[in-house]
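Look at the two complexes coming up: chain A is in both, with chain B in one and chain C in the other.
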Partner chain A sequence: MNDLTQSAFNKPRVVGQRTPRIDGEFKLTGRAGYTGELLAEGMLYGYPVPATIANGVLESLELDDALAMPGVVDILHHGHFEHLHRSPNSMAHGDMVSEVRLPFEDERIYYHGQYVALVVAETFEQARAAAYRVIARYKEEDGAAIGLLHTDAQGELQESAGTSRGDPEAAFGGAEVKIDSTYQIAAESHLQMEMHATLAEWRDDGKRLVVHESTQGVFFQRNAMARIFGLAQENLEVISHYIGSGFGNKLFMWPHAVATAVAARMAGRPVKVVLPRQQDMTGGGNRPASRQRVRLGADRSGKLTSVIHDSTTETSLVHQYVDACGSATPSFYACDNVSTSQRVLEVNHGTPCPMRAPGEVSGIFALETAMDELAVELGMDPVELRQKNNAEQDPASGLPWSSKHLDECLTSAARRFGWDKRNPAVGSMRDGDEIVGYGMASCTWSAGRQPCEARVELRADGSLFAACGTQDIGTGTYTIVAQAVAELTGADLSRIEVKLGETSLPAGPLSGGSMATATVLPAVAAAVRDALDAIKEVATGSGGAFEGSDADSLEAEQGGLTDGKRRVSFEEILETGKLSSVNGKGSAAPGDERSEYSFRSFGAHFVEIRIDPDISRVRVARVVSTIDIGRAINPPTARNQVEGGIVMGLGMGLLEKLDYDPRDARLINANVADYIVPTHADAPDIDVELLDYPDFKHNEFGGRGVGEIGLTGVAPAIANAIYHATGKRYRDLPITIEALLAAS
Partner chain B sequence: MRTFAFSRADDVAQAAHQTAPEAAFVAGGTTLLDLVKLDVMRPSELIDINRLPLKNVEWLDDGRLKIGALVTNTDLAHHPDVQQHYPVLSQALLAGASTQLRNMATTAGNVMQRTRCPYYRDPAAACNRREPGSGCDARHGLNRLNAVLGGSDACVAVHPSDMCVAMAAIGATLTLQGPEGEREVAFQDFHRLPGDTPHIEHDLADGELITAITLDAPLVPAGSYYLKLRDRASYEFALASTAAQLSLDGEMIGEARVALGGVGTKPWRCPEAEAALVGQPAEMATFERAADIALRDAVPLEHNAFKIPLARQSIIRALREATRLARQSGEQEGQA
Partner chain C sequence: MMDDSVHSRTASSETQSLNLTLNGEPLTLQVAPNAVLLDVLREQLGLGGTKKGCDHGQCGACTVQIDGQAMNSCLRLAVMCEGQHVTTVEGLARDGELHPVQQSFLECDAFQCGYCTPGQMMSAAALLEDERIGTDDASVKEAMSGNICRCGAYKNILTAIQQARTQLAHDATAPRKEGVA
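Moving on, here comes the complex of A and B:
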């Protein structure tokens, strides 16, 4: 199975072709039910009451007025809640959660926005109105642990998160050319379109819990809830059919979901909670702020001799989250002496969690800015510097790459961008009031894969059905599963039904880490093959359309089987056999190839910025990117991921910043007007090229996943372009107007 | 969100009469409902004024343009008379908010919009403007968005409107209808400096309704420019903005009007800067001098000092552009 060099998909028919989303119609017509929109018979609404302080104790709750409000059914809080257990929070056991502390577990307040109560009422408006009537009295304490970027605190060293090879300190000490810089990135919000939402319902006299959740991992949530509620996994169902994106903050369950399920049990009725945007931003996850020091040593020719990358990121007081900034660094460049270290600082902020390209995107900002600094120091073209240090094999593991085309990414993007027209002299390119700056950076993301199961049915009505307990978070997973089925059966896409996002389906992976495509498709393919074996058996059995033929001589073609002379449809074969359907089960998992090769995607971004120094205005005018993600299963949705990543990178580079008040650690811009993300007017001209080198060592479809890589490398390319325009090196993100002014 | 009574007003006099002190008029609702949902505004009663006949834009005999209180920001921005004679107002409106908001927002509502000071919008924070005597969390807090002009110990909140900056530069008069009848207030007197009473934001008595805003007669022939500087390209309040209008007398500046947004506790007209422009050569040195005068009294807070040089940049560039446009329109006049 794992000799994947010979793939069935060398010349695919549907895979790799532009395929409209099969769920597009449902979304456009409003029939795709997102969790927040779902209704259940007798359903109640919950509205959390958030703490208004970030550090202290909840002294009392006055609930009488709120309880007397129309429609109010109950108010849950520390003194009125079920006794629950914590989830073991294990990645290996699939029960990791975003915040191990249970809701209302104690009366300490660890962060602004922490829930102190949940009002349950007949309507959303009643619940919200009553939530505003709850009077919470706090004893606020001085000395809140404030954000990393406002303090000198060092944080705890995470021994397990560091790596080292060679003697980086000595090599740095003796290097001919040195860069030693510190980079700081503000905390960011995921700001996914659809807020966190849960609809919980107890069935069978409270023995079974059914939860609809906007989640990137139905199985993780089921497993965690089973631990928390002490239920058998079989008695819990988690469903997530449509998700308005997640960017990582919906990978693992948050406390609102637990509180909702408790509310439903206590009320004996289904309860739905949709977090308002403010609470989604205070308590629904964030990318923690980071401080990183990067030291590069090189010889005069530009060859790296030492890379030392030390990072600190924030976590909350109720959950340990490590945003591993250095995780790409050991594999990025050919260099014998490399070390990374990671510290974590506990702060009185809402718990951080993975956010698109977690850790690495921050790390790559630091590393790729440092590389630009080195190029300037050496008087060398930054593209050439990267080519010079290209890692021909993975220097971290010593293994060969499964497939790497970074050099082509660099040269192709440079050509399309017009990099040769760049005058390297700072501030030398002008256009009216504007200075034009060109900058670039490489990007990368690891290519992982998880075990996965899937099920496929060929049905007598001519339809085909595929199911897997993974999710489509808006990226197009439904469609690529259908493509895989169509590819292997020749059936028309319109006949294929795909079901995802339920724990009653075969176990599927988290939609995260850019792993879903490479994980799910091989399992679906195995299930299709299993179903084809089953139908071949029917067809070659007595009375079958190919009675007496050797099953191996039959091939699937256009939704039927052929022996090369004639083709009989699946429909007809099942009809003849008096069968409603045949079933195929499949599973797939990464195998020995993981110890033979290293798997990682690479690419390059080239950015043109325009800065009007007399009005301190900087805008990204153009981004040209070439990315090698193996094969793009559905090119438009793959490209869309990269384009979205570029726009998000623009936000990271120039705009986005969660503002925690350094006096008391409260978050003051938890709304979409004051937390500034790019608008359409900010989106530059974007030209994305996806190289098409199927990586059959990774999986038989040749795709490595695309959700995250596009974001990495954008912010440093912008900062490098601004350097080129202004001669000022920006090492803190976002690069604000005040920073531009301070430099002028 | 708290419960409130709701009614609709059918005529102006009735609207001005029926109000209880805790009542509020609702026009587009884009400020009001937002703040009600944040629990910042707590009206006991909402009076929907959208049926009132205050949606006209008309020239008065004395050459001024009268704008009904309920004309939407979108309609006003695209009104041909505004585009032609008061382009700075059209530009300012279009620089504000988003299309959807402008479709709802009204002229009077825009004048009455509240500050975006984050602590004002958070009922858990100390804020003299929201709750007199409670203190001012912005003064020593995250005050990047706050004012450098017109602040007091009690409050340093910015008036966030773009439209009002253009109106301040153009000059205008508000018509108010109260239980006692109609009165007029000059635009520059309508918004109050915070002083010791930041909660009293406007010269508007209980129950008084704004029925119209009348713009001063346009400057002719003139160039005008609204420049709004902010972090992103659209859909963000100004960090600093300038509405500039000037007429030329050969190479010299004839009349000049300058008003600032994003930096002042009210829409900030700059009469001394204007005086420094009039009769001077229309060149960068003059603009720079005017900008320095306009910002002479600016007082920075911990996080907003950048607004002073930024506002300076916006004044200079807006004047440069207004001059360019004035020259253009002068040339067109000459050719005609």
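Moving on, here comes the complex of A and C:
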């Protein structure tokens, strides 16, 4: 793999081809077992009791009535819990958690919804009924930190999260054209359809803990639980076969899982906890609110001379989370003078965590809205302004891009959208009673890669088996692993079984950051090649189908080996060798290419909005996007993710807002009706084009990952379209009907 | 998946007898009076295909058909189903053959994580039989708006529903296959 422009996958048969999901039928018939619906022999149910205040002290719990309820086995709380240790919370050691504070660790209440007790009972109904009967008495304190958008407080500067090159302040001061704007984005809920869920069971006389969890990282949870419970990693198993998505809030473990495992040990029986939606929203993660100031300096020709991007985001009082809004900014545009800074403010909210395109999606809203403001100021077409400032290499690292086709994204999407029909004058485009607005923005996400291991078996029954301890959160990982195996063996997809989501499997990565594809597939390929070497050895050995041949002269083809004259199936080779299977192990990791190139995906969104001025209703009518993600391993599932990101971006732009009560910091809209997300009726016409430039510098499959990028850039494209329609610049998200009314 | 101990545990506290037809099979069971249909399906009967997304009738993941109508199973006490026909996603395929809606969801990649999918399909299968709902895209989107898909696969879901409509119409005119409704 030294020649970074060539690959075994230059002309693939299966990789890059439309492949129906191999787990599809399980999901479509109800046979896919998600954590919350698993049953275990003798299983008990846990139901957490959430704090009803956001700031104060838990003074007492009255438990007698609840304990006397039918079926109640136990109630865990601060005075009745095990002594545990905190996880070191290290990304490098793979034991990061979402909230370092252990459940019931102290009696202080830091946020609304914090668990004050866990009721354990024989049935779900009994646990829930008893949880409602627990009486908690609090001493509520004044002065709750309501949230970043309710205060002028500055927060703590995060020195390590800032960057600077050139002299941005001086360049801004001397710039011919200046933009200086502040942007605010409300906190958002992941609102993944499956709430957090844990089924914990202690086996072998309490020596071994088996946990089913709806998680994006089985290994991270195992490692963290090992530290928390003082167990050897070998005595812990975490399993997650099907995940009702995560969007980042299932990357790292939350306290409910620890409480569930303790309950199971204390009761001596398996315990299952499925968080009620309200608790999932108060204490199961959120995208923190942000306030960003962006200053752009440019000359009259539109060339950027300065970019200064200063951000503040929220964290909770029990865990430090930094949502780095400026992380894409230094790489976005060619400009000699760029700085970013990041502050974090502690608030009385449940702990925030990564949410799809964490940090960058917020930062890109600010930056790409500011670019639109600059285009207006210059009287220049927004597409042209972006082309003029295109970064031919990564200005942050000075390295060449592994592969970048932003210009083609801009021109192709603009053409399909009909951008040339845009009259740039504000409010100039009308259709009947509606004002039409056209807006656009670029989008980007970094292309990362992690170390990974995998195992592959070629079996005497003709089946092939691949295993990796990563997860499929709905992105299609099961299917692309099978595609990789099919590609390298020529075997039919129907013969390939894939196992993911268990810590008993070879170590695999988090399903997050758009890194899983580039991380997992090279390890699977290495394992396939190792298995092929093993079966070639069998075939060329004594009594083998190709006895005496040179192993290097054999190629895999259609699930067998061929010497160019005849083909013998894997089954037959194994049968002849009296073997049940041959195994291959593989590992892969990023290498020297990371110091030679910068890896990042780019794309462009073009949005048409329509506003009915009489009722201040805005509607996203259509979105046309072109995205360069390298090669799409499975184009329909990749496109599906981009389309889904666009829908989520519509929510971010117009609908989504976690509302905290300005009096006491309680979360007002912790339910699916009052926290508004896009529905079928909101979904616009979407036209997504994926360019096909395999990035073999990134990995031999040429894919750069696709989960995040579709979301980035959507909200600013909407806001820019609304400006085009109304002349009103919206710098706060979401752009609600109330905001539109106030402006009209 | 069935766990007999769950039955016996439930039966040991105050329960009521319930007779219903579940996925075409008559069934008598003992349920707690405060047990919600969704929880009885998932926890007592081990039918996990019907999903829990909010318990408040807000997300649609728990949609089942009751006497042919799409309904949120989280908003119904199980005892309310006395004498009714309840169909879950497990009852959508017949004799090992996917329902046209399931088949089109697979072909159109009309899902990602798959968690809202059973609810989407139960609503879709009901609306395709409902003459009150228009066949145009806007009517289908409106009728489907009780089923949230946070992965945002709405475009493909719409395509799948319209494809299933074509298939169902074709099936209705083609010679009837054994065992397929």
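Operating definition for what follows: the second predicted complex is superposed on the first by the 740 of 744 C-alpha atoms of A that agree within 3 Å, B and C clash if a C-alpha of one lies under 4 Å from a C-alpha of the other, contacts with A are read in each partner's own complex, and residues count from 1 in each chain.
By our rule, contacts are C-beta pairs under 8 Å (C-beta built on N, C-alpha and C of every residue); 3 or more make two chains touch, one makes a residue touch a chain.
Please read all numbers here as calculations on a predicted model, not as lab measurements.
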Chain C versus chain B on the shared chain A, clash or fit after superposition: fit
Which of chain B and chain C A:364 touches, first, second, both or neither: neither
Partner chain in contact with A:20 - chain B first, chain C second, else both or neither: second
Touched partner set for A:681, first chain B, second chain C, both or neither: both
Which superposed partner A:655 touches (first chain B, second chain C, both, neither): first
More chain A residues in contact [chain B versus chain C]: C
Touched partner set for A:125, first chain B, second chain C, both or neither: both
First (chain B), second (chain C), both or neither touched by A:673: both
First, second, both or neither for A:63, with chain B first and chain C second: neither
Which superposed partner A:37 touches (first chain B, second chain C, both, neither): second
Partner chain(s) touched by A:378 [first = chain B, second = chain C, both, neither]: neither
Chain B versus chain C - smallest C-alpha distance in the overlay, whole Å: 5
Footprint overlap on chain A, comparing chain B with chain C: 125, 129, 671, 673, 677-681
Parts of chain A lying in touch with chain B, wherever the complex brings them together: 52-53, 125, 128-129, 132, 614-617, 619, 654-655, 659, 661-663, 666, 668-669, 671, 673-674, 676-682, 736-738, 741-742
List of chain C residues in touch with chain A within their complex: 1-3, 5-6, 9-10, 13-14, 32, 34-36, 39, 42-43, 46-56, 58-59, 61, 88-90, 92-93, 98, 102, 105-107, 109, 111-118, 121, 140-142, 144-158
Of chain A, residues touching chain C in the complex: 20-21, 23-25, 27-34, 36-43, 45, 70-71, 122-126, 129, 190-195, 242-245, 247, 274, 276-277, 473-476, 636-637, 640-641, 643-648, 671-673, 677-681, 683, 686
Complex contacts: residues of chain B adjacent to chain A: 1-3, 39, 116, 118-119, 121-122, 124, 140-142, 144-145, 227, 229, 231-237, 239, 305-306, 309-310, 313-314, 316-317
